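A, B, C, D and E label the chains in the order they appear, each numbered from 1.
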Amino acid sequence: GASAQEQVKIGMLQGFTGPTESLVKPMALGGELAIKEVSDSGLLLGGREVVSVRGDSTCIDAAAATAAADRLVTSDGVHGINGATCSGATTAILNNVVRANGIVMISPSATSPALSEIEDDGYFFRTAPSDARQGQIIAEILDRRGIKSAALTYTNNDYGKGLADAIQAAYEAKGGKITAVAAHEDGKADYSAEIGTLASAGGEVLIVAGYLDQGGKGIIQASLDTGAFDKFVLPDGMVGEALTDNFGDMLDGSIGTNPGTDSPGASMLAELASGKGFKGDDPYVPEAYDASALLLLAMQSAGSTDSAVYKDHILKVANAPGEKIYPGELAKALQILADGGDIDYVGGTALELIEPGESAGSFRETEIKGGKWETEMYH
Amino acid sequence: MSFLSATGMTGGYGGSDILHDCTITVEKGEIAVVVGPNGAGKSTAMKAVFGMLNLREGSVVLDGKDITNLAPQERVPEGMGFVPQNRNVFVSMTVEENLDMGAFIRKDDKIEETKQQIFDLFPILGEKRNQPAGELSGGQRQQVAVGRALMTQPKLLMLDEPTAGVSPIVMDELFDKIVEVARTGVAILMVEQNARQALEIADHGFVLVQGRNRFTDTGEALLANEEVRRSFLGG
Amino acid sequence: MEILNALALFTNFVVVPATAYGAQLALGALGVTLIFGILRFANFAHGELMSFGTMITILVTWFLQNMGVSIAPFPTALLALPIGILAAISMALVMDRMVFRFYRKQRSNPIVFAIVSVGVMFLIAGIIRIVIGPADQSFADGERFIIGAIDSRRALGLDEGIAIKQSQLITVVVTAIVVAWLFWFLQKTRSGKAMRAYSDDEDLALLSGINPERVVMICWIIAAALAAIAGTLYGLDKTYKPFIFLQILLPIFAATILGGIGQPVGAILGAFIVAFSEVTVTYAFKKFLTYLGPTDWAPDGLVQLLSTDYKFAVSFIILVAVLLIRPTGIIRGKVI
Amino acid sequence: MCLVLIAIGFLQSWNVAFGIFNLCVISAVMALGVNMQWGYAGLFNVGVMGFTALGGLTAVLVSMPPVGEAWAAAGGDIALSLLSLAGTIIAVIYARRFVHPALKLPVTLVLLLAGYFLIGVFFGPATDAIESIDPALSGYLGGAGLPVLVAWPLAGLVAAGGGWLIGRIALGLRADYLAIATLGISEIIIAIIKYEEWLSRGVKNVTGIPRPVPYEVDLIESEWFISLANFFGASEISDAASLFVKLCYAVLFVIVLAIIMWFAERALKSPWGRMMRAIRDNRDAAAAMGKDVKRRHLQTFVLGCAVCGVAGAMLTTLDGQLTPTSYIPLRYTFLIWVMVILGGSGNNWGSILGGFIIWFLWVEAEPFGNWFMSTITAPLGEGSELAQHLVAGAAYMRYLMMGAILLIVMRFAPKGLIPEATNRSTAMTRSS
Amino acid sequence: MIRVENIAKNFGGIQAVDGVSLSIEKGSITGLIGPNGAGKTTLFNIIAGVFPPSSGKIFLDDEDVTHLEPHELFHKGLLRTFQIAHEFSTLSVLDNLMVVPGNQPGEQLRHSWFNYSRVKEIEAQNYERALEVIDFLEIDHIKHELAGNLSGGQKKLLELGRTMMVEPKIVFLDEVGAGVNRTLLNTIATSIKRLNEERGYTFCLIEHDMDFIASLCDPVIVMAEGKVLTEGTIEEVKNNEEVIEAYLGTGRKHERKVPS
């Protein structure tokens, strides 16, 4: 019967070691959650089993990332890749493996604006929005709230830099003033120097385009300790329970933005994840879940595990028209597709793919109140 | 049995053997001198006695106790003191600290006294007591090294070319001091290239050639031996 | 008033953080310098040793917190620290026994030791990540601030406040005590002298009756204890994160060498120079000058000597400059 | 080693095997560079990363197409700031030659400061202008648009130039100090590449560097390749294409390695190598025997740096992109050192072997870790928490494995796998 | 040949050499003696360019060489040995000698790479010469041994052997005799004399063995406490009261030890 058929393999190519190792752990579990859900449903392509094959893209070592991707594709024979984590590694893999071998890759977290423009032969997608979009959203929020000046610090990589550029450009276009921009390196022992500079420049808020358990956290810690800033604007990389758990109500009044909608997907995923040893609403976990789901749903829709075939079905399953699909409803979706119906995958991130294959980016604006992230509105 | 009797020592540094059935003995209160051409294995023999060499054969017995299998640092408390030929001072420590290290295993309270005696013997060391030994001249270092060994107050004092590079006047005093130390009942074993002066004060002499005992006799007899004089003492 | 404000500002953003950071580096550098000085190799595993000691401390802290034990207002971790220290010591001794001793017997080149220590580094790093995972852990409890920015503003009656954290004070105090003790230990005690003698010349140390294995053991014990203390205090002040310990090695090594290898006092000095240079040279004096200048006047630019981007470059430039003028470090250290 | 790679070829895939092989060759070249410095001359260079990055930067500057608008917008200003830089340097040199010795330092400082501000006048606006041109896509000056192969020798020259500058400053220092100085300087080089966006696009990375070999997409469509693939009986044309590309790289890399190896071996086996060993053993004595220790050190340092630079350019070419954040000491300095020591310092063949083994382990540790963890946790059962915890930690087996293997190899070959031949006289004297 | 004018050297407060002026005549074998710490080695080091003097000047054949580096002095024909042996420990004895000759084309990379035959040719010549030296020093059996493994005296011989690999104008020997067997030392003395007479080498040597000095040196310069104490023939020096007191020791002690 069905079980005798060949397994469907999804490459879980994430930065397991290196500077994003802690972010990646729940992401991978999120991605694998969707895989398991599909596999258990027994509905994919007539009941084929789906397994995840992990590969370490290390985040910063382009060579090792390429080697790992190569192995996944040519040796393990995966049918699609969920990854890579960081924009740099993603670009390397895209150029050297994805295009070379013609395999679909969906990154849950590579958000660099440059990836929108890159030549991908139609094989690359991402469930995260480009940072260019987020920059505009943040500028709008600041403008609406009447904040006239802000200091800006970013984690010094393509993500941080790209996002910072986007924020600065958008904010200044709206007449805001960026008093100072200072990069910070992740994983450093001390951030007093950066905070000293930013504090000296002043500004009503500090925008921290960083990672919540990396330098971004160090920056906030140092600001609070010295009293340099007490209000922060926190883009996606900074939004997470870990931050409020750590600082409690000291961050009250700070504003956060992250991809999200008022669709119930995120909380549904959080519920699914509870008890599985990770948090469903940690950064990029919904994106990772959605990436896996998309890959598999597109295969189902195309009736094939051949990348060249199912790559053209990704946009179709992701967008309207069709029945809305939330986390945990993958079985239903598979059934609809098998019956020849249409679906509109919403998933954990209220996914809406726009050309050239990336999330449109609806964003959620939150404010920290009483040490909790409270949703203000959606953009 | 002699106070120190190292008998039948055979061994080397891992390659071929350097010592071949070499025997060296010293009595309490006596001075034994080892002479021989360069590379004969004199220093190697000293190291063997001190346990810094793996012997394939032979034994070292000190004061009736077999110490063949003791590690060098364990031989120090047994009463052995050694001044090696090269690298014989702690270069980064001051002269005084060097002497203190000599007294490392001593537990008595006479340490200051001994130190004073050493300063009397080598006045230059007193002057330079706070200078790192690495900054001393060649001869001064040699004096520090000997002083350090004397600080141990050993029962057996082993000196590998203590007079190399010291000026004649210091050499004379050194030999005097060695005689004096020997009179207090310490056994002294030394290697010397200033062989004539050394044999002069020696009770026993060993001539080593290519790791083997060639001549063994009293100091006087060796000095008188024409062949020894010509081949090893420079005529 | 304005001058006082300027001073308070400077203290708050430069003096206090740099002092605390300096003290943290110093504790790490002490351990490195000890191994460097006595066992004569650059121990790349020191960061992971810090990490390991801290990890155990954290695990014990969690246990204690679960049991409801606390020593408020002090962090519970201080209570758990002795166990962390013991764990680090055991780890160090096991590693020495299984790894380093062999090369000591072989009289390998220091660089071989350094490379082997990279191996040990990998090994411990792997163990740590498998046990506690790669994520961030915060385990600080107890009172956070001795004086907060807002309180001090009120107390001093100034616009600028000075904030001092408890963990900062503990770190500085502990560092001072440890340095004084270490200095005394090395200069005055028998074991300390034996260690210095051993570091100078192993063979000769044997001839003085010094037991080399004992010296090595003491050396590891002190270094590992220092590592556990350093890691824990660092974790209390910031958070614990396994990845950071590789990063922190660089400034620690810089401090060690700057101060003079094998010199405890030098390590401290080096650490503070690194810390202060990083913070001061890249400090933007804009606000500071605004206070000092005439009312309503403010400089246009940030008045910054060098962008913070290059902050660590500063300490290295200083390092190279110092070494060119004084090739043995500030306090004359060993040249290996 | 080759056997192992062949085994990988059969067990995993030929693509993987050649992917690993290519990086092994690059690693071997880097290891050769380090070996020249450490093995020949005892120079403790821990700044390998910096020179590799310089090589990578050169590859970008040579091969990327120039960004016309950027040049138009700020080319003049950049040229002016370069001119003022040159002017400052010349002024300082002249001033130092002619002023009174006591005034040297203050005059130098004043001139430097003046130069700093002068350069700033042109430089600041120029970089701002360049960086604001379409930041998401370009925002830098671009390169010269030449074939990337030209960059390889040039990268050697650039890295050699960097090495020369650094050597002039730092080679006066003794071993450990040189180490930390080079470590710091390499971090500074990386920082410059990271922050000087007008030059290198900084952390936004340069991607899509033109290749010296054909693109897979073109291959798949070309007649001759399809027939070639059919001839070899390839099942998947895309697999065959990517294999073919890797093979092309492999050939290029091996040629470079062979050339460098020939020069290195010849130098080492000649009186030059003997002299270098003499200097390494005892520089005071070597100086007394008429050897110009400083110059020789500088020479070897520069040579080693050049080799690392070439390797850096090769690596960037292979990756097709320059990612400054990927340059971390662990990967580009320590791993290379491990290769050199493990292979046997002072021995060129050892370095090559070390390069192969370590890179191989670095890559293969990962699948092995996954396999290992799932095997040992298998008896624990699906639901076991310990098993879950362990499986989640599988990725970190890479650290554990690297550590364990390094320690084991070093244990059984403490002088490296192919130790330096020291117990004999040099080759030439033996034969005569 | 060598003229030293008013050389002084100060090590952070310690006055090691304190205003020494002396000259060494071409073709002479000059002895330099003096108590331990008199500053003899320091003076050698200054002349050989290891460190610069605090003040004073040095002339080699009337050329000011005060601030030249050691390797430059080597090429001007000035050679020195070290009191504490400075062998190249991972090179064989043979290679230790073959390293010495200056201007070896093989030490230039361009020759090694592109002109190998010439390298080989010179190498063969040096090889012959090294074998002769090895023969002379009676160390044939250890010529392939690593220099680091030699005995103390053998290392000293190697130091001397190096000076015989080239044709120097002047050789400074710092206690070559210390630790060398007296019989061999006599041979060395003979050969120094021969090199001096037949090839015209100039020697300046530090030694504490008075017999060795007596058999070779004229004149003898005595240093003490960083200054020149006296200068003259060996007989004059031996009978100088100050020298006896500071250096040689009383004749009485000496007589008691040396057999008549």
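Rule of thumb we're sticking to: a residue touches a chain if its C-beta (ideal position, glycine included) is under 8 Å from a C-beta of that chain, and two chains touch if they have at least 3 such contacts.
Please read these numbers as outputs of a predicted model, since none were measured by experiment.
A.B. asks: Tell me the fewest steps from subunit C to subunit E, where a step is a jump to a chain it touches.
C.D. replies: Graph distance in the chain contact network comes out at 2.
A.B. asks: Work out which chains are contact partners of both subunit B and subunit C.
C.D. replies: Common contact partners of subunit B and subunit C, which must touch each of the two, are absent.
A.B. asks: Centre to centre, using CA atoms, which chain is the farthest one from subunit C?
C.D. replies: Result for max centroid distance from subunit C is chain E.
A.B. asks: Round to the nearest whole Å and give the separation of the Cα centres of subunit D and subunit E.
C.D. replies: That pair's centroid distance is 46 Å.
A.B. asks: Using mean C-alpha positions as chain centres, tell me how far subunit A is from subunit C in Å, no decimals.
C.D. replies: Centre-to-centre distance between subunit A and subunit C: 36 Å.
A.B. asks: Taking each chain's centre as the mean position of its Cα atoms, how many Å separate subunit A from subunit B?
C.D. replies: 76
A.B. asks: Could you give the separation in Å between the centres of subunit C and subunit D, each centre being the mean of its C-alpha atoms?
C.D. replies: Comparing mean C-alpha positions, subunit D is 31 Å from subunit C.
A.B. asks: Could you say which residues in subunit C touch two or more other chains, in rising order?
C.D. replies: Residues 129, 133-134, 246, 307, 309 of subunit C each touch two or more of the other chains.
A.B. asks: Note the residues in subunit B that touch 2 or more other chains, in rising order.
C.D. replies: If we look for residues of subunit B contacting two or more partner chains, we find none.
A.B. asks: Could you tell me which residues belong to subunit D and also touch two or more other chains?
C.D. replies: Expected reply: 194-195, 392, 396, 398-399.
A.B. asks: If you go through all the chains, which pairs of them touch?
C.D. replies: A-C, A-D, B-C, B-E, C-D, D-E
A.B. asks: Over in the complex, which subunit D residues touch subunit E? Could you list them?
C.D. replies: On the subunit D side, the touching residues are 263, 266-267, 270-272, 274-275, 277-278, 280-282, 284-293, 299, 420, 422-426, 428-429, 432.
A.B. asks: With touch defined as at the start, can you tell me which subunit B residues reach subunit E in the complex?
C.D. replies: The touching residues are 13, 36-44, 85-86, 124, 131, 135-140, 142-143, 161, 164-173, 175-176, 193-197, 200-201, 223, 230-235.
A.B. asks: In their complex, what parts of subunit D are in touch with subunit C?
C.D. replies: Touching subunit C from subunit D are residues 38, 44, 169-170, 172-177, 179-181, 183-185, 187-188, 191, 194-195, 329-330, 334, 337-338, 341-342, 345, 390, 392-393, 396-404, 406-407, 410-411, 414.
A.B. asks: Over in the complex, which subunit A residues touch subunit D? Could you list them?
C.D. replies: 16-17, 21, 25, 29, 54-56, 60-64, 66-68, 70-71, 73-76, 87-88, 91-92, 95-97, 99-102, 112-114, 116-119, 121, 132, 156-158, 160-162, 165, 169, 183, 277
A.B. asks: Would you pull the subunit D residues touching subunit A in the complex into a rising list?
C.D. replies: For subunit D paired with subunit A, touching residues are 11-16, 19-20, 23, 135-137, 194-195, 202-205, 207-208, 216-217, 238-239, 241-242, 245, 315, 318-321, 323, 325-326, 328, 331, 362-363, 366-367, 370, 388, 392, 394-396, 398-399.
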